[in-house]
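Structure record follows, encoded as structure tokens.
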Amino acid sequence: MDGLNIPLNHILLVSSLLFAIGMLGLMIRRNIIFILMSLEVMLNAAALAFVAAGAHWEQPDGQVVFMLILTVAAAEVAVGLGLVLQVQKRFKTLDMDHANRMQG
Amino acid sequence: MIMINLIGILLIGGLLAMISERFDDKMPRKVAMAVVLTDLLYLLMCLSGMPEITQLQAPLANDPSTWLMHFKSDWIPAFGISIELALDGISLLMVLLTLVLGAIAISASWTDIVVRKGFFEANLLWSLAGVLGVFMALDLLLFFLFWEVMLIPMYFMIAIWGHENRGYAAMKFFIFTQASGLLMLISVLALVAINHSNTGVWSFSYFDLLNTQMAEQTAHWIMLGFFVAFVVKLPGFPFHTWLPDAHTQAPTAGSVILAGILLKTGAYGLIRFAVPLFPEAALNFSYPAMLLGAAGVVYGAVLAFGQTDFKRLIAYSSVSHMGFVLLGIYAWNELALQGAVMQMVAHGFSTAALFMIAGSLQERLHTRDMRQMSGLWQQMPRMGAVAMFFVVASLGLPGLGNFVAEFLVLLGLFKVNAWITVIAATGLITGAAYSLLLMQRSFQGEVNKKWADHGLIDFGSREMLTMAVMMIALIVLGIYPQPVLDTAHPVLQSLLELTTEPVNTVAEVVR
Amino acid sequence: MNASMFSALAPILILSLTAVVLMAQASIKRDQAIASMITGVGFVLALFAAHYARDFAQPVTILLQVDHWSLFFTSLIIISSFVTLILSLETFSPEGERKEEYYLLLVLSVLGAVVLIQSSHMVSLLLGMELMGVALYAMIAFPEKGELPLEGAIKYLVLSACASAMLLYGFALIYAATGSLSYLGIGARAAEAYVQNPMLIMAGSAMVLAGIGFKLSVAPFHMWTPDVYEGAPTPVTGFLATVSKGAVFVALTRFYIDGNLHQYSGLNTALVVLAIASMLIGNWLALRQENIKRLLAYSSIAHFGYLLVVLIALSYMDDQLVSQSITFYLTAYLVTTLAAFAVVSTIAGEDVKRQDISAFEGLFWYRPLEASALTIAMLSLAGIPLTAGFMAKFFVITVGIQSDLWVLLGVLVLGSAVGIYYYLRVIFAMSKSSQGGEQTANKLEKILAVALIVSVLLLGSWPQPFIAYAGGL
Amino acid sequence: MLEIVFFYIAATVALIATVMAMTRANAIHALIYLIVSLLAVAVIFFLIGAPFAAALEIVIYAGAIMVLFVFVIMMLNLGEKGDKQERQWLKPGIWAGPAILSVILLVELLIVIGDVNGPVSVSAVSAKEVGLSLFGPYVLAVEIAAMLLLAGLVGSFHLGRRYLERDHIEKGSSQ
Amino acid sequence: MSETIWVIPLIPLLSSVMLMLFGSRLKITHIGFLGVASVGISALLTLVLAVEFMQNQQIIQESLWTWMEVAGFAPGISFYFDGLTLVMMSVITGVGFLIHLFSTEFMEKDPSYARYFAYLNMFVAAMLVLVMADNLLLLYLGWEGVGVCSYLLVGFWYQHNANGQAARKAFIVTRIGDTAMALGLLLLFTELGTLDIQAMVGAANQTWQIGDSIPLIACLLIICGAVGKSAQLPLHTWLPDAMAGPTPVSALIHAATMVTAGVYLIARTHGLFLLAPTAMTVVAVIGIATSLMAAFTALMQTDIKRILAYSTISQIGYMFLALGVGAWSAGIFHLMTHAFFKALLFLGSGAIIHCLHHEHNIFKMGGLRTRMPVTFWSFMIGSAALAALPMTSGFFSKDQILLQAYQLPDLGPGLWMAGLLGALLTAIYSFRLVFVVFFGEANTEPDKDTGWRMAVPLSVLCFLAMIGGYFMIPVAEVFPASDGSHPAHWVEYVSISVPLVGLLVAYLVFFNRRLNIDGLANSTVGKSLGNFWLSGWGIDWLYDHLFVRPYYGLANLLKSEPVDGIYGLIVALNQTFNHWLSAAQSGRMRWYLASMVAGLIILITLAANLPTGVLQ
């Protein structure tokens, strides 16, 4: 496939935009489910950057890391969603602003 | 080994005292007294076999063998830290003072302490052990260690057995001394690091560090670290504010040890470390230091005058008196230094006695407020007479130790700077003002009816004996101070030799 | 992979095996006594394995670096975990049932920590951290009652995941800049990459630093610390404070040294800011804290500030003394913190009210042993001589002086001075007059407290053997 | 050239979808947008020569993980009320500060990235290569990842089981 | 005897110590005996010494031990004995003995009898040390010692706050002078390297020229000490208040001995003063100014002891005048005669007070002539001597002073005239006292006249006051001889006649009331002037507002520890930070996230050095 010359910095740009959007979502959402989604976006952004960088260096490492990120995301989400269930059960809300019993 | 034993006896004695409480409620104080007296006797016995102190030559010259005693053993060889203890004239004086005042403090706490007696006596003995360590350690890290560690039992003494505001006082005391101690630690390490880069060898030994070469600016800053640490402990103006609280809130024995001994560690540190290690830097700093000293003398006296709390008044008088020590040290000639040493000893006794009187009053009246006293002489003539003695001692009556000290300081200081001498001398007047006010408000004046039918008990024989020891000490110091002077002389001589050059220049600069 | 590599991997293998055995055991018969026993045996074996692996020190694949230094910390971490294990025995006993998962999670978390310590590659760093983290989320939320553990866990999870994302993104940038993911590879090509595009690698490192800084709860990434400390069951808090942070710091050190990152002044400035902020903010926050677990949380923030000073010094001096200092400081911190948590765990347990400092009043008089232990731990944290904390501070200051880090030292003094206040508050509370005796402590925990305190004192009063040992790592 | 155009289209889709996902009030809607975004990213993966990654992105990320979300959302049964609340929560006052922070971060990243030169690889990294390195130098990583998944499994099992059990017990008691 | 002069101060000291330790267990008679006998023995020994000295004129120097020896500073506990010392010792032990004897009766009823004698003996010991000291430091010891004894005795009846107040005032005011004197000592040692008086004077003469500034400063500082102790302007305010003590104490300490220590000091160090003529002028001026000020004040007082106190101040002013004009021996001579007649007067007043139940106001007395004959005659003789009526002891001494003052160039006549005015006033106020107290109508009834233990001392002192003027004091060797010239005879006649005029005025005004001064006294000017004098020229008021109150104010102001305020500020600052940061720990996750992002931004900015990076 010749002519494949997407500049690396454009891909990184997309990934950083995704990262920033994810971060914004993380900061503005109060619902824990959306927070977890935002996290996924951020991880995904990082994964994109890795794959792009791997492609840039023509190494498989980027994709290996991508796969590991997938694993990490899966594990985190699994536990995270488990916690979400508990939160709903005990706090009767998913609003994280209400989870501030400890402070000071 | 003797020195290790001296400390060890106190440490183990503390444990014994703590354990002895299990057998009998009254045992701890007896055990503690026995331990301190044993320690004192042991030291005296060892000394009797020593060469005459005054015949020793100048014990510096990088030659530990000229010291009275010297002990060195590896501790943390990775950094050249060793357990190095040594005794010369000044340390000997301080050690003796510590042990004598230790015994006095135990006597002072004889009936004062009602709860957890064992732990109290243990703390007392441990703090004494720490102080001994401070006075004998010549490895800078070991010195620092004792310096810090002696505070912990002291902290407990204030925090557990202190008066109404003890938490605050203990905390303030500890933070002041620890924070300044950290500065000293940094200074010590900086000095060692410089020595390390000069010679390639790690060493914390006083003897190795004595002649460390360094840039003037560096020396100045490092010296300041030491200076602040010592002056906080001294306490010098304006770092003195922990003292009134700590002294006031501490139990009697604590006050006695604090005022009588602990303050002296600061002065000792200045004489032993702050100046000799950085002769030029320290003596170039002598002018501000002396100003601080003079400020302390005046400020302490004025504040003492304004107090209504018996112990607080004495505490501020300590600030004033220790100002003389600072002056004496930084005048840095033999007269003034001897004066400073004398002041350390004499102030130890006079203030300890006053605190003991304050403690006795507190025990009997349950107050330290002088506005509620008045006319106590009527009911407690012996205590009144004793108080009068120590009051006039503290105002510097000739014939008593404090006078010799203050006069020597002023005499030495006058050679260096006449105007500061004049400021300091006003301390004699203001000293009289607050001392006599103390007497007037508590023992003289109209009899306060409140205590008339209170059945106040005058000093008993134990108290009188304790007081007599201190009175005799002060009188002897006052009319024949020569033994003390002779003991300190060779040390001071060698210290002065170490710094001959700068003294002149400083004198010129200051003039 | 050959036999000697397997030998080098012995601790990791044994821990993994323990996890598998625990799984198997759970599927056969659920019994927490057996589970705890298996865990304990696993830890002991892992400890021996760590000792055994010393003879096979080598890089194992590109991911792990097994050397004496990492093995020392592996042992230390395993010992700490063992302490956590003992403290955990009592913790959930009233609820009783189904605690086996807890042990499994503990083992997995320790495994993650060990991987982290031995990591020499971004992938192992990530996996170690996540393994440790994911297990920890569940451990924090383990209690079945109460809202605080859950709140702590969810906060830790979200924030930690966010930090991981930052870390990952940072590594992605570094990878983009250097084309390498192993520390040594980054180190080898960093200079070239720096010349080409200085900002990329620096920004990447900064993001990695942020991610790691979060785990170390360095200011301004410290916010989660008190809440999670308070919310988590006390033994887990102890684990979090010691194992988790210690392992991450070791990994950071290795990344920093092997990656040659100490050469770059920008990164150094960033570290200085982190250190100063941590020292000040940690101590200030702790100043009037009433809950002892939160207090310890804030204190740990400050302590990692002190530790960063050593790392910063790396830029100015040879690494021999620096790594020695880090070794000593981390060891002292771990032992002391464990001692503190051991006492807090026995005295306060999981009851929030009893975690108040005021609940410790009079402890000296009715439980002198625990009180003395806590006192010594506090003094050690405050850096008073004769305790391990003092020698640790001694190292920090020595290193700081040798590197002329005067501003940092000034802040250190300031922070320590503030620190004395709140450490003393605990001691003072304990020395107040008592309200009478209470429950007796578990014998095992008593022995544990004594052992820990003895080591604190030994490290402080006779550190020479340990210094010599640490110097040889 | 076509690839580049595709890339920009995919990137735009991914960004828009993500923004939508982040701003939806309804969780399921958001999730669908998120899946769209992931699919778009998968396209990018494909375009930059990582077909294996693209496949995994679709299968595991957009498939498996997102389904987890769906499950949970279904279990929690978030209704219209939840949507209303979400809309209230998304007031400008709430997102202004975070937005500024994000923009600053974004700008910084853009500055940092701006200077990066060079294209991505000319030839695709094949699945084989990836597989070789996964089971070559990265074999330990795979093992550890297994442990990681185990931890996730045990953790979610513990938490989720408790949820279900409690649910069950409560129901049982109410009957 | 000459080898053991140290015994003389030692005996009273030992007695004092014994009384302090065992006083509470001894019987009253034993206490009295111990107190009186110790001083008596000292007096006897002094007498022996005097006889020896008269024979061989030998100066004795005796050193017990070196007090301290530091870097060349080696004052000894050592004594020096010459004619001057002898005079002082005789006065101290002799008059002291009489007053002790007097006290045994005067203080009989007091519960603190032992304490009283302990203090009094200690005072004698300290005073002896003062005059016998070989060096200035030992002198300073005695000097401060008598100060403390004075403090203790003034405040002897400590139950009354006013007494304590007076005692403290006495001590602190003199301490001001003492401190200046101590500075003088420092200066002298620093410049001359010794404090041995003889060696020092010798060294001073070798080192300095007449008129140099350093001896001037040293002398001025010493004058400060002398002024404080001898209650001269401007440090005289303590003495009238010091009358709060028991009357025999006033007689011994505040009339006969301690207050003249300043005179002794200047006389003793006259070698220095000769090097500083300006200082001598200062002494003379202080002396005459004090003398007049006090005489005017004495004129208006109504308290019998205050009259005597101001009179003492005034008389010491004469002594200072004498010293200032170089009439050394005249000054010392007046010191001695003054000791006799003033002790007599004080003891007399003590007897009156004793018998009139502590009545001090002279206008409440009156008519005591017949009822207390012994006292009356003592007062007559004492007043005559005080007024310097011819042939009394005071006449000889004061005359010498005035004549020698007249001879001083420049200032001489002026000083003489002022001195004459003082003499006139002295005669007036002393006979005012006599006429008011002993003549006229009786206002109160004394319960008895004096007992023998009071009468004997009075009689002996009467005798001494009469004939004291014929004594030859053996100080010729001590001081430089005067030129021996005499002023014109008219000067002498005027000097003699002035006291007589004063007597006449007093007689006319206070006895037969021919001369009515009521009009003058009641005029506005007269009244305000009278009040002004009565208040001692308002100096107390002035000091109160100038020094005492500001000092109290300062102490009150600083009481709250401004320095601690700084530390308080630091603490508050820390607490504020704590407050802010604690508020930041809000428990809200989104906020925590925001802080992390902010931290990340900061880190990236710092690490990548973005500002410069972008600019490039």
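Odds and ends about this structure:
As written, the chain order gives the labels A, B, C, D and E, with residue 1 at the start of each chain.
Note that a residue touches a chain if its C-beta (ideal position, glycine included) is under 8 Å from a C-beta of that chain, and two chains touch if they have at least 3 such contacts.
Protein identities per chain, from UniProt: A = NADH-quinone oxidoreductase subunit K; B = NADH-quinone oxidoreductase subunit M; C = NADH-quinone oxidoreductase subunit N; D = NADH-quinone oxidoreductase subunit J; E = NADH-ubiquinone oxidoreductase chain 5.
The model shown is predicted, which means the values in this text are computed figures rather than measured ones.
Common neighbours of chain C and chain E under the contact rule above are A, B, D. Using the contact threshold fixed earlier, the set of chains in contact with both chain B and chain D is C, E. Comparing mean CA positions across the assembly, the chain most remote from chain C is E.
Here B-C and A-D were compared by C-beta pairs in contact; the pair with more is A-D. The chain with its Cα centroid farthest from the Cα centroid of chain B is D. Between the Cα centres of chain B and chain E there is a gap of 37 Å. Centroids built from CA atoms put chain B at 65 Å from chain A.
Averaged C-alpha coordinates put the centre of chain D at 99 Å from the centre of chain E. Rounded to whole angstrom units, the spacing between the C-alpha centres of chain A and chain E is 94. Chain contacts: chain E has residues 582, 585, 587, 589-590, 593-594, 597-598, 600, 604, 608, 610, 613 touching two or more partner chains. Annotation for chain D: residues touching 2 or more other chains are 97-98, 101-102, 105, 108-109, 111-113, 115-117, 138, 141, 145, 148, 151-152, 155-159, 162.
Multi-chain contact residues of chain B (touching two or more other chains): none found.
The full set of touching chain pairs reads A-C, A-D, A-E, B-C, B-E, C-D, C-E, D-E. Of all residues in chain C, only 1, 16, 19, 23, 60-64, 101, 104-105, 108-109, 111-112, 115, 123-124, 127-128, 130-131, 134-135, 137-138, 141-142, 144, 173, 176, 196-197, 199-200, 203 touch chain D in the complex they form.
On the chain D side of its complex with chain A, the touching residues are 1, 3-4, 7, 11, 14-15, 18-19, 21-23, 27, 30-31, 34, 37-38, 41, 44-45, 47-50, 52-53, 56-57, 60-61, 64-65, 68-69, 71-73, 75-76, 78, 82, 85-86, 89-90, 94-95, 97-99, 101-103, 105-106, 109-110, 113-125, 129-130, 132-134, 138, 141, 145, 148-149, 151-153, 155-160, 162-163, 166-167.
For chain A in complex with chain D, the touching residues are 1-14, 16-25, 27-31, 33-34, 36-38, 40-41, 44, 47-48, 51-52, 54-64, 66-68, 70-79, 81-86, 88-89, 94-95. Within the complex formed with chain C, the chain E residues making contact are 574-575, 577-578, 581-582, 584-585, 587, 589, 591-593, 595-596, 598-600, 602-604, 606-610, 613.
Within the complex, the chain C residues that touch chain B are 365, 379, 382-386, 390, 393-394, 397-398, 401-402, 409, 412-413, 416-417, 420-421, 424-425, 427-428, 431, 433, 462-464, 467-468, 471.
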